[in-house]
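There are structures below to look over.
Shared between the two complexes below is subunit A, which pairs with subunit B and subunit C, respectively.
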Partner chain A sequence: MITGNNAKKHFVNVILIVILVVFIFLPKIVTVSYYLHLIVMSLIWFILISGLNVIQGYTGYVSMCQIAFYGIGAYTSGLLMKNLHWGLGQGILAAVGMGLIVGTIIGFPSLRTKGHYFSIVTLAFTMLMFTILRGWSGLTGGIVGFAVRPVSESLFGIPLNTRQGYYYLVLIFAVLTILFVKRMTGSRTGRAIIAVRENENLASSIGVNVFAMKLLAFDISAVLGCIAGALYMHYVNFVSPAGFAAEYAMNTLLAGMVGGVGTLVGPAIGSFIVIFLPEMLRAAALYRQLAFGIVLIIIVFALPHGVVRPLTKLWTWALAKIFRKNNVEEATLASNK
Partner chain B sequence: MKKGSMRIGKVLLSVLLIAVLTSMTAACGGSGSGSGSDGGADADGGAKTGTIVWGVDDSLTGTGAGSGLPSYQGTVLAVEQVNAEGGIQIGDTSYTIQLKEYDNKSDASEAVSTLTKLLDVDKVHFVIGWGSSTATLAAAQIAMTRQDDVTMVVGNGRTPMLMVYNTQGNIFRSGTGNVYDPIGIVQYMKEVGCNKTGVIAMMNDTAYSVSAKQYMEKFEECGIESVGLENFEANDTDFNTQVTKLLHAGADSILTVGNIIESATIVRTIREQGSDIPIVNFSAGTGSQWLGVCTNEQMNNCYTTRPWASAIGATDDGTQEAYTEAYIARWNDSPAQADCQAYDDVWIMKAAYEKAQSTDPLEVRAAMKELKVSDLDPRCVDAFEALDGDKLFDEFNQAYAPYQCMRWSMEEKTWTLAAVVGRNLGPAAHREYVLEQREKEGL
Partner chain C sequence: MTPLSRHIWEGAKKSVLKITGMSFKYGKVEVLHGISINAEKGKITSLIGANGAGKTTTMKAIMGLMPISGGTIEWDGTTLSGKDPSDVAKCGVALCPEGRQLFPNMSVYENLLMGAYTRKDKEEIKETIESVYQWFPRLVDRRNQMAGTLSGGEQEMLAISRALMSKPSLMLMDEPSWGLAPILVEEVGEIIKSINAQGTTVLLVEQNAQMALDLADYVYVLETGKIVLEGAGAEVSANEEIQQAYLGV
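Now for the complex of A and B:
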């Protein structure tokens, strides 16, 4: 017999499967390639913001260097392809390795600070990275950047140098990201990380290695940022430092805030808003940035915990409605018997 | 009361969600204007007319706006002139040009989005503008993978790497790339009194660093001693350190290589340090852009050397005077290099359509490849060099115009032509560079 809770779980699973199926068939539904492009960019940003979510949402440290990790991933993979003719898979793996190394090197000193000081240290790192990318022109191509050849690999027979093929690749990474973050937050380690966010002293007193947990969270955020960067590089086939400047660090923070940090779905919503909203406002021409800013301010003021909060409430309310009705019907049926 | 307001909030939220979802569905399912780049001809009192839609993708904001805005203005001016004269004539049909413009914010990601939108939503096949190098290079990667869908006609985006990546042949550039034998310019520098020259350049920019190095390589050949090379970056505002160092090293002249505003700020810094030495700038910009940073007095003894022909007296037939007057009348601003290039691109496109006698994008592209300098409207501002067979574009789809040296005129308060140099020196140097880079990149 299916109990109320099990039925609810089944229902949620069915909804998730439906969403996944919709995403799988999306290239058939979205016939205009431009919108598929925006969806690919949103998914890449989802991976990026999920990384930020681990350090900011679950650990409670506001990091301003997620965009720097994005750049490091893009340049690592791009330079290896350009200079050593590495493939996409090797490039992404190298980006993961670089994320771990840089995350640890930056995490060690910066995580000894807290609050605003941590944000300032990570912002300084972003500015330093930008200066290196811009200034080391012999390696990075300087301010103009450099291009790489389109990837030659295929996925399930679909060439990855097509938009559709690349969409599926990014979708797989996005699904893996959400599964990883879900699994991590549900694990013992994840609970320890959340305990650090709630109260570091208390977490320490019950035996949690606070610094190790913080460093682990920072490394995860760096790795996810670098993966997103590598995916971006091979999607656009071009990279220049302008997209990794400190001003874009604000965009990553905004995506987190607008969507809602500390949740699985929040980064997805925030990423889609940050990518789609400026495109929808393109009609405003030169006033687009102004309009974008105003809309974001309104969202942040009206929904301080992100768009995900009212959506979660709506979802909970809908589930309660559906299953209360079912429970009443089941109870009536049972009493009639 | 609280329950009531919560209910209203829920209703409002639901309405908002439905509205957003509806608009997104409509946007995703729609096919944009669907008009294509070539509108169909219709009957209008016996005369057939039609519309051709071109995309304009330019840096209207961001670091490249100094080139992008004039470039956009040049495009609009030329299109207005073409349309006022009946548009493009193909057979018995007159086509009016319509522009679909987007700002790429001088940003690589943005340029990819705007070009994709122009191709997929607005269905254009020709995209002009491209005032800044970074955005142009990023968009070129998209253009290369969609060679049947798009032809990019680039004006002022002069990065030498652009033509290296143009392996599919669907990118054309009227603005001479920043790879050019600079011997004529360096000889001119010697003429204006440069003997011991200090260089201040944007060395982290591919285009500017290539140019700066090329200049310095020719110094010795022309009897100029180099007293040092100082670096600066985009958006820098304080150049006291670089200027002091070079003046202290005994520089009797300075060469600046970089963006307009930064170069103008260097000029101001040199003058503020009490020096009136000749300053040669490898930079474009309108007279008013320079006067936005320096005073007219500070601009005295300043020179600029770029492939730019919109100077009064640049040619004998009055083309430049007519252009300058038209530009000032339309925009209330003096013209610069970037707007000339964009202006010429429109006339080049018109000539290609009329040569092809077709609106088919691939036929027009093929005709553009075969264009001769003599096919161009005489209003083209740049004095393009006729290549083998009088052709406008070389094997890489690159056109060439000689460099011109401008002197600041205290009376006119803008640049005026001082000398034309470098004729016939460009194609060989450019060809060598492109082939070398292609080999290096494995293209």
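Now for the complex of A and C:
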């Protein structure tokens, strides 16, 4: 049947394709290399925050150790490259495996706690991780960290040791991430994960194994965090513990809150804001951090559900406006999904 | 209150839900003191009592949401006590909890889908949703609306529908009349009858004693954690003390 629903779907798909095309040609549009660098970092953070979003936004457990997973991913692939001369692909795969292992080890005890206790336990893990990265100098290079050689692989003929080439690699991972999260949240398992957030007791009494779902969500967040870390490692080719300290756990939380968790697009918006905003505030010189803080506080106060909330409203309103004629028809004809 | 006719119900032998000497503690305070309840297959069994008598605790304990401190719970020969709620659900038990709990930020349709979580066959689930829609036509118009935005009556209908989605063999209904307008209470009563008529065993907890007594084949009266009276619905209704305490006659 040709209803407003179908036309609407086509329209949305066209817009998504346009956005993707814009991203594909972005390196040609953004000529200032530094901005391309910020975009790459934002995309890496998008993958990181998407992971956080799974446990915080969809499962309702505020995790403070996403930044630790970021670090674990970076160190895993970095050390394997430095010591065993592993390539980029193997490094990322190893980061995935490491994410699963560490996620399960940390998730098992910490997910038995709830609310603030879970946040504190995960924060403690972040601090522990930082101490290990800094203290185990023999392996990690201690406080100074270590450097690795640039990756030698190339993508579609573009060498990945160029900013442009790496941009495309990160873009592919970002698109895969958003597709994965979308697929997951629409699935039976995804609904069960969201049900845990909505009402844990009710979820268990309809047959959801609540603990297994929480652990799964935590593992997914760990894996995405580790992938982001590995991508970061081979982008900057250098790693030190400083970037994974507890204070950056706050930045991941902020990116989630400012963008809006529990949505697909929220983490993307949040990541771009958290990466770009400090650069926009360069004019404030000494007071940059202060200005950054104030702007974020204003955003959080004005939009407690994140920047994504008004945008979604605008989007639905615009769609309704465009397809108003078909709406009545749709309501009467359309059956369930 | 003195127990009146503590006769043995002839159905007790074929009882399917069998709770024996169940006790429950909140911390150190025991709130259920070894209660025994039998619910016969295909019947409606009611549990009435005042606030704080332990009715909801009993329901949660059966579902496995609260670990009991003594006694056993058996359903159809399977021991439920000690099981995780998700495993209890897999034994065909569904709870329609007090205060019409839902997944507020999920649509009506998704709430129904979640109700069928223990079932795998997508086509059959769709069929059940269609039949639930026939029972509750109001949910059809609301299917894409967030459950949290429904009216109280609609939420109760959704909570009942969601519990039905698992095609339960035992339905635990905790205060389905809670906060509903009298006309809706009547409607809910009819629904419970129809659910039972389709072969589902119902254990009904109610503060609305009139409704519980009217519907039930067998009634238990719970008072501060003890069963003080039990008997067939009509018999309990005729009891003077019950009339004074619960029916306001």
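Quick notes on this one:
Assume the second predicted complex is superposed on the first by the 323 of 337 C-alpha atoms of A that agree within 3 Å, B and C clash if a C-alpha of one lies under 4 Å from a C-alpha of the other, contacts with A are read in each partner's own complex, and residues count from 1 in each chain.
Heads up, the rule we're going with is that contacts are C-beta pairs under 8 Å (C-beta built on N, C-alpha and C of every residue); 3 or more make two chains touch, one makes a residue touch a chain.
Predicted model only: the values in this text are computed from it and were never measured.
Contacts of A:I178 after superposition: neither subunit B nor subunit C is touched. By the touch criterion defined above, A:P310 reaches subunit B but does not reach subunit C.
Touch criterion met: A:N199 reaches subunit C, while subunit B stays clear of it. By the touch criterion stated above, A:F238 is placed in contact with subunit B alone, subunit C being left untouched. Residue contacts after overlaying the shared chain place A:T31 against subunit B, while subunit C stays out of touching range. In the superposition on chain A, A:V96 makes contact with neither subunit B nor subunit C. Once chain A of one complex is fitted onto chain A of the other, the partner contacts of A:V144 are limited to subunit B, with no touch recorded for subunit C.
Using the contact criterion defined above for the overlaid structures, shared-chain residue A:I47 touches neither subunit B nor subunit C, since it reaches no partner. Comparing subunit C and subunit B on the residues of subunit A they touch gives the larger count to B. Once the two complexes are overlaid on the shared chain, A:F276 sits against subunit B while remaining clear of subunit C. The interface of subunit A with subunit B does not overlap its interface with subunit C at any residue.
Contact residues of subunit C toward subunit A in the complex are 63-65, 84-86, 88-90, 94-95, 97, 101-106, 109-110, 113-115, 117-118, 126, 129, 143, 162, 166.
The residues of subunit A lying in touch with subunit B in their complex are 29-35, 37-38, 41, 82, 85, 134-135, 137, 141-147, 149-150, 161, 236-240, 242-243, 276, 279-280, 282, 285-286, 288-289, 310, 314, 317. The touching residues of subunit B, when paired with subunit A in their complex, are 9-10, 13-14, 23-24, 27-32, 60-63, 102-103, 106-109, 112-113, 116-117, 119-121, 133-134, 137-138, 140-141, 145, 159, 161, 165, 202-207, 209, 233-234, 441-443. On the subunit A side of its complex with subunit C, the touching residues are 188, 191-192, 194-195, 198-199, 201-210, 336-337.
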